[in-house]
Amino acid sequence: MHKTVLRIGAPLACMLAFVPAVSAADKPQIDTGDTAWLLVATVLVLMMNIPGLALFYAGMVRKKNVLATAVQAVAVAALVTVLWFVVGYSLAFTDGGGLNGIIGSLSRAFGKGLLGSVHDLAKTVPENVFLMYQATFAVITPAIIAGAFAERMKFSAMMWFMGLWLLFVYVPVAHWVWGGGFLGAAGVLDFAGGLVVHLNAGIAALVCCLVMGKRVGYGQEYMAPHNLVLTLIGTSLLWVGWFGFNAGSALASGELAGSAMLNTHVAASTAALVWMAIEWVARGKPSVLGILTGAVAGLGTITPAAGYVEPWAAMVIGVAAGAVCYWASVVLKNQLGYDDSLDVFGVHGVGGILGSILVGVFATRAINDVAKGQPVGLVDGNGGQILTQLYGVAAIAIFCGVATWIILKIIDAAIGLRVTRDEEVEGLDTALHGERVQ
Amino acid sequence: MKLVSAIIKPFKLDEVRDALTGVGVSGLTVSEVKGFGRQKGQTEIYRGAEYLVSFLPKVKIEIVVDDSQVERAIEAIQKAAHTGKIGDGKIFVTPVEQAVRIRTGESGSNAL
Amino acid sequence: MHKTVLRIGAPLACMLAFVPAVSAADKPQIDTGDTAWLLVATVLVLMMNIPGLALFYAGMVRKKNVLATAVQAVAVAALVTVLWFVVGYSLAFTDGGGLNGIIGSLSRAFGKGLLGSVHDLAKTVPENVFLMYQATFAVITPAIIAGAFAERMKFSAMMWFMGLWLLFVYVPVAHWVWGGGFLGAAGVLDFAGGLVVHLNAGIAALVCCLVMGKRVGYGQEYMAPHNLVLTLIGTSLLWVGWFGFNAGSALASGELAGSAMLNTHVAASTAALVWMAIEWVARGKPSVLGILTGAVAGLGTITPAAGYVEPWAAMVIGVAAGAVCYWASVVLKNQLGYDDSLDVFGVHGVGGILGSILVGVFATRAINDVAKGQPVGLVDGNGGQILTQLYGVAAIAIFCGVATWIILKIIDAAIGLRVTRDEEVEGLDTALHGERVQ
Amino acid sequence: MHKTVLRIGAPLACMLAFVPAVSAADKPQIDTGDTAWLLVATVLVLMMNIPGLALFYAGMVRKKNVLATAVQAVAVAALVTVLWFVVGYSLAFTDGGGLNGIIGSLSRAFGKGLLGSVHDLAKTVPENVFLMYQATFAVITPAIIAGAFAERMKFSAMMWFMGLWLLFVYVPVAHWVWGGGFLGAAGVLDFAGGLVVHLNAGIAALVCCLVMGKRVGYGQEYMAPHNLVLTLIGTSLLWVGWFGFNAGSALASGELAGSAMLNTHVAASTAALVWMAIEWVARGKPSVLGILTGAVAGLGTITPAAGYVEPWAAMVIGVAAGAVCYWASVVLKNQLGYDDSLDVFGVHGVGGILGSILVGVFATRAINDVAKGQPVGLVDGNGGQILTQLYGVAAIAIFCGVATWIILKIIDAAIGLRVTRDEEVEGLDTALHGERVQ
Amino acid sequence: MKLVSAIIKPFKLDEVRDALTGVGVSGLTVSEVKGFGRQKGQTEIYRGAEYLVSFLPKVKIEIVVDDSQVERAIEAIQKAAHTGKIGDGKIFVTPVEQAVRIRTGESGSNAL
Amino acid sequence: MKLVSAIIKPFKLDEVRDALTGVGVSGLTVSEVKGFGRQKGQTEIYRGAEYLVSFLPKVKIEIVVDDSQVERAIEAIQKAAHTGKIGDGKIFVTPVEQAVRIRTGESGSNAL
């Protein structure tokens, strides 16, 4: 989201030139088209989470856990929304003064001072719309993690984890990259959340798997997805919603949003085809789950790059996403032996790392002139951007890994992370919620 | 009276029903079951996890018939359910001591 | 929807000032951004109904009634759309001359005179878009009622009821509050339909339960929701679609829409958490249905207030919504003993009343200066608004209650309201439609 | 999409008039509102396909084929997106020079030259957004065909067919009608794809049925839809997404988009009611599938006319759609005896033909002044337009029929079109993808 | 010991269970089945394709009881499951040679 | 030949199958059933309506075996399905008079 908005012949500009009397200097100039697009993008990203992600995950678990898995995304949406409004947005997206490298201030806590204001990153859109748009990112990031410990975590522990992780991991990382913190200042580029969302959630997911251990019966019992129709609906809504995620991150309606949308669609499609092809060759059959997972891998991987690269590069990124995430989810996971129930690390974590590095390769001023005319990525002649990106990857991965581990250990000591063995065998739907699908 | 139970391939159900009504069987009860036997199951693969699904979908048909009808019923089922490939299924016969029609209270052969 | 659109530095204004030659006086000035947002909001509200509401309800019934329940929302959408286009919109939203306090005219029947026109409530949007947007409200309001008599009404009786109720209840009430009628004139505030939609549907639902009686086996047989995954999808689509409902009711793209969206999201999230917490304490387990119902209660309750109150007040409204609707749906209903199959009265009716009263408490000119600088609600210092709101609640509740009762009695006499006992036992899917889910 | 954009008091126009200094002559003037609407319309049309169409079809097949049916729409989306980006868009929507009557050029292959450009058909929207919008049409058209051969085609053959059909049928036909080719030049009108999408897919579907033959057990075995809840979700998403399809085809946010949306909604609703009524009379019960199919028939039939006719005419078109498509899908199909699994020809093909002819009857300059003040359709006094439309129908039907037949025969000879009898009996989910719904 | 199997209409299940516990039956096992018999099925129509669905949803109850309880159990089922309309179902009795309770290893009547 | 039917807890299915193949049983048929017995059901609550769900999910295994195999089969099932908690289930043995393999027409023990 660090970017200059490329708008050709912007009507506002010319109006300002001719209408100085309106005291345009003090009042922000809201653009109804930009605002309309951000309002819609907010809707789309929320829809990615509920019902998109909820169904994506719910279809992959066993039938006895379908409700417990799906409701996580809803409960997280409610919890994070409240926390975001109360302090999260303010800490992530305001100027923290002396601490600004690390964290923002409380000046926007409880939505204080929003009226009549715009945020610096989106100067043509009311700030309350920007807060809402960012809220949907804050919601979906922890919700993504939930796929890693599906079918075995207590609902109470899950809620505590999500709340603490939001405040102590998501909020600072968002500030570092987008809110004025040290990574953004160091030139790390992340258009729509390859680092802040996908890498971050993926690393947290990996730590969750390692801390919590495997599901009872993992590797022996039949744990195949019980209803991939749900997963297909979920993937589809993730896909269409991702246009709000990536093209919305242009924070304006115009050509840059168009570039981000086109790149997103091309990368997702390419990665789906690549995953399908690899599986067809390696296994003899292209699975439905493979095609769907490939698309999500492509979507995650293009996210940091969507508004920086040319569409041919998006296709290359799609190829890399399909191949590398396949390898991580299918080969690497089995070799290492951890139980990442729904492959959050293999798809989001690996995709986020991959995409964030490839930004350093393919970012170009032709699409987004973030360096004010200077070369941006390797294709522009600035190979150093790759190192900058690696710096961002490493900083966030290490911080997120350690912080997630601490949060989990504290919750485990306080109330325990896992359901009992009997509850796990019985199924979480009845055990945790007293309900079941007939 | 005897209970003739047959475990057959699901797509043969309609043919077997027609064959049975053809030999005078007037009622039957069907359940969906899963079978394990010589027929080998399918391999399912999910993101690298392979499952050998050893249980295959089958249909169980139960008919209670007069002793005199047992042979004809078995024959009818066997003919209709036959494909010649492994997994065609089995027919079992067990004795029935009493039968009652709930609607009328009739019992014995009249209840069938 | 009675409101002044707060737009900062509106481009139209400045253009008009400088371009008098274009005869701007006679031609309405369409804003493409406002229009884009209303087009999208129309899509979102229709999506709330199909498939949102259809699934929300379908998941809660027994499996033998799932199709019959879901198709009601579709059939109502088709029927109401035609009636709305033919006469409904015109009667609700045009000037009725001498009768204007009560009802509009037929001047827009069959879409006559739409071209080149805008409606007074949305001066920057083509009137055909405004008609469509209002059509989606007219569709969803009767469709909400259908949850009350689910699993027992004849399809033919349902269609007659919906058509008559639209024309004789929804259309006049919409006119009274939004279309120039006596309640709007009296200063009753209803931003997006707390009175017109939720209270109205909720009261009608209660009357339906009382007139039609309980389902066969109610209180004895197992009638648990057969598939809450459907209800979860439905709730999610209601939630995201509600941004079209509430933020769309700003009838323009800008800060007011942002306020409505933020308030909606905060209230829904808070109410979901509150319902969850109450149930956790009272029952030992937080149910999935509870979390979902809490969210819907919050959404219904914030509806009349969404564009009038500050976001901290939305949080307070969310708390009230979660607690009061829980009490109404779980405690009160069981005490009174009526069979409101899917709790339309407890959630929508009670939420609508509660929210409409709280508008009188929390509405403020800081958000929406409807009183031209004068105080709006109690927080502004105008306690009288609460009485005005109570007047609106009472007028609509009484009218709707009586009119609904009369319509039901007429249909019952003419063709009968309920299916036969055998059909009810068999299930409505096969009995009414000759179909079933395998 | 051949149309002049009716915009009242267009701000761009007046700005250009007064601000010549901005060198408006060379740089396209992007409108943020128009762009926002096209971005959203793109999302909506993709959502029609995934998950809309995927579910619409998946609910109608037998349970053993549900995944294989649903995944077709996803795989086609991925494949077509890549092909469209690589060459499809360029061939369809650029000037082909001497061959322009037949096909475009390769000047936009791989997205070359998109930056800073707009397409002639949408002068206020960045061309990359226009490419994306058109991509979603290119995706859904072949995906529609898949309903015809559901439950029996090999996945590999399906992918080859879709790729070849896109390049050799869809791309030229789109060019003929919208991209500057001979049919558009001849005055054939097709607002949003009655010819290019629905007729085209419907004819291809019919050819597929005839070439591939019936399903094993067709006419004897029980092949009833296994889960119409999925079909209901799918229909609902098709319905709401169709607003992106038809109102998006105005290629701008304004009154014409409003007209298209209103017409679409009225026609769909009317057709649903008509199909319901016919079935109720003819069969004694209104089926859920009938109501849903009626709505889709109405949507398909109004598509070519959505931005040309008045809303009362949309109602007449809805009546015709409900009645004629009912007859085609229920009566005619059974008489002719082909096995069009999910009635693609009866609904889309027949609806596309019907609607395209009715454009000639009802198109009027009052809605869309495509003939620069001259009469447009029969209602304007230009009966000749009906013949022009028939010319378009015939040209595309014949070309599509022959080309589809050739493509199928080539694939059949090369790798075979159908799965084996055993695979068909076993079910395509396990046979083709090694997965199943539990 | 005997196995009493009853095929009944699904909505009668709760009543039959209550009747059985009323006569001292302490356990039972239920399965969803589809029945074919004198009761005629429904016609389903899908876009002009008519299907006669000859199999109707039924529920099968299985109880193993001491010989002495058989009569009472049959009576209880018949009374509770009776509606008097075609399709009420059947009761069949078959001999059981042995019964074991898995939890304790008890066998014979003690296992029931 | 005897029919050995066992009603067990669902998650024990794979262990029981393995135990049975271990003692030479080559085929079995499984159905999903609901059981009612000493084990008490769960309470479900939906917006204030409480339901005591007295039927619990169980799995029924049916094997037809030679008389000589009955004891071993019972033992294998009991051991594998045992958890020691209420609701572990039952094993019932009933006589089988005839068995036919549909594919080959073989009958008696050869059909198993």
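Think of it as A, B, C, D, E and F in the order they're written, each chain with its own count starting at 1.
The working rule: contacts are C-beta pairs under 8 Å (C-beta built on N, C-alpha and C of every residue); 3 or more make two chains touch, one makes a residue touch a chain.
Bear in mind that the values here come from a model prediction, so they are computed numbers and not experimental data.
**Student:** Enter the minimum step count from subunit C to subunit F; a value of 1 means the two chains touch.
**Tutor:** So the least number of steps between the two chains is 1.
**Student:** What are the chains that subunit C and subunit D both touch?
**Tutor:** Touches both subunit C and subunit D: A, E.
**Student:** Cα superposition of subunit A onto subunit D: how big is the rotation, rounded to the nearest 5°?
**Tutor:** The C-alpha superposition of subunit A onto subunit D needs 120 degrees.
**Student:** For subunit B versus subunit F, which are copies of one sequence, does the interface use mostly the same residue numbers on each side, meaning over half shared, or is it different?
**Tutor:** different
**Student:** From the C-alpha centre of subunit B to that of subunit E, how far is it in Å?
**Tutor:** One centre to the other, that is 18 Å.
**Student:** Nearest whole angstrom, what separates the Cα centre of subunit A from the Cα centre of subunit C?
**Tutor:** 33
**Student:** Quick one: report the Å distance separating subunit A from subunit B, using the average Cα coordinate of each chain.
**Tutor:** 53
**Student:** What are the residue numbers in subunit A that touch two or more other chains?
**Tutor:** 11, 15, 18, 31-34, 36-37, 40, 222, 224-225, 233, 283, 285, 287, 289, 434-435
**Student:** Would you give the residues of subunit B that are in contact with at least 2 other chains, written as numbers and ranges?
**Tutor:** 31, 44-46, 94-95
**Student:** Which chains touch which?
**Tutor:** A-B, A-C, A-D, A-F, B-D, B-E, B-F, C-D, C-E, C-F, D-E, E-F
**Student:** Quick check: in the complex, which residue numbers of subunit B touch subunit E?
**Tutor:** 3, 17, 26-31, 64, 94-103, 105, 111-112
**Student:** Once bound in the complex, which stretches of subunit E touch subunit C?
**Tutor:** Of all residues in subunit E, those touching subunit C are 11, 14, 42-46.
**Student:** In the complex formed with subunit B, which residues of subunit A make contact?
**Tutor:** 222-225, 283, 285, 287, 289-290, 293, 329-331, 333-334, 343, 346
**Student:** Can you list the subunit A residues touching subunit D in their complex?
**Tutor:** My answer: residues 7-9, 11, 14-15, 17-18, 31-34, 36-37, 40, 44, 63, 224-229, 232-233, 235-237, 239-240, 243-244, 247, 252-255, 257-259, 261-262, 265-266, 268-270, 272-273, 276, 283, 285-289, 291-292, 295, 310-312, 315, 366-367.
**Student:** For subunit D, which residues are in contact with subunit B within the complex?
**Tutor:** 220-222, 425, 430, 434-436
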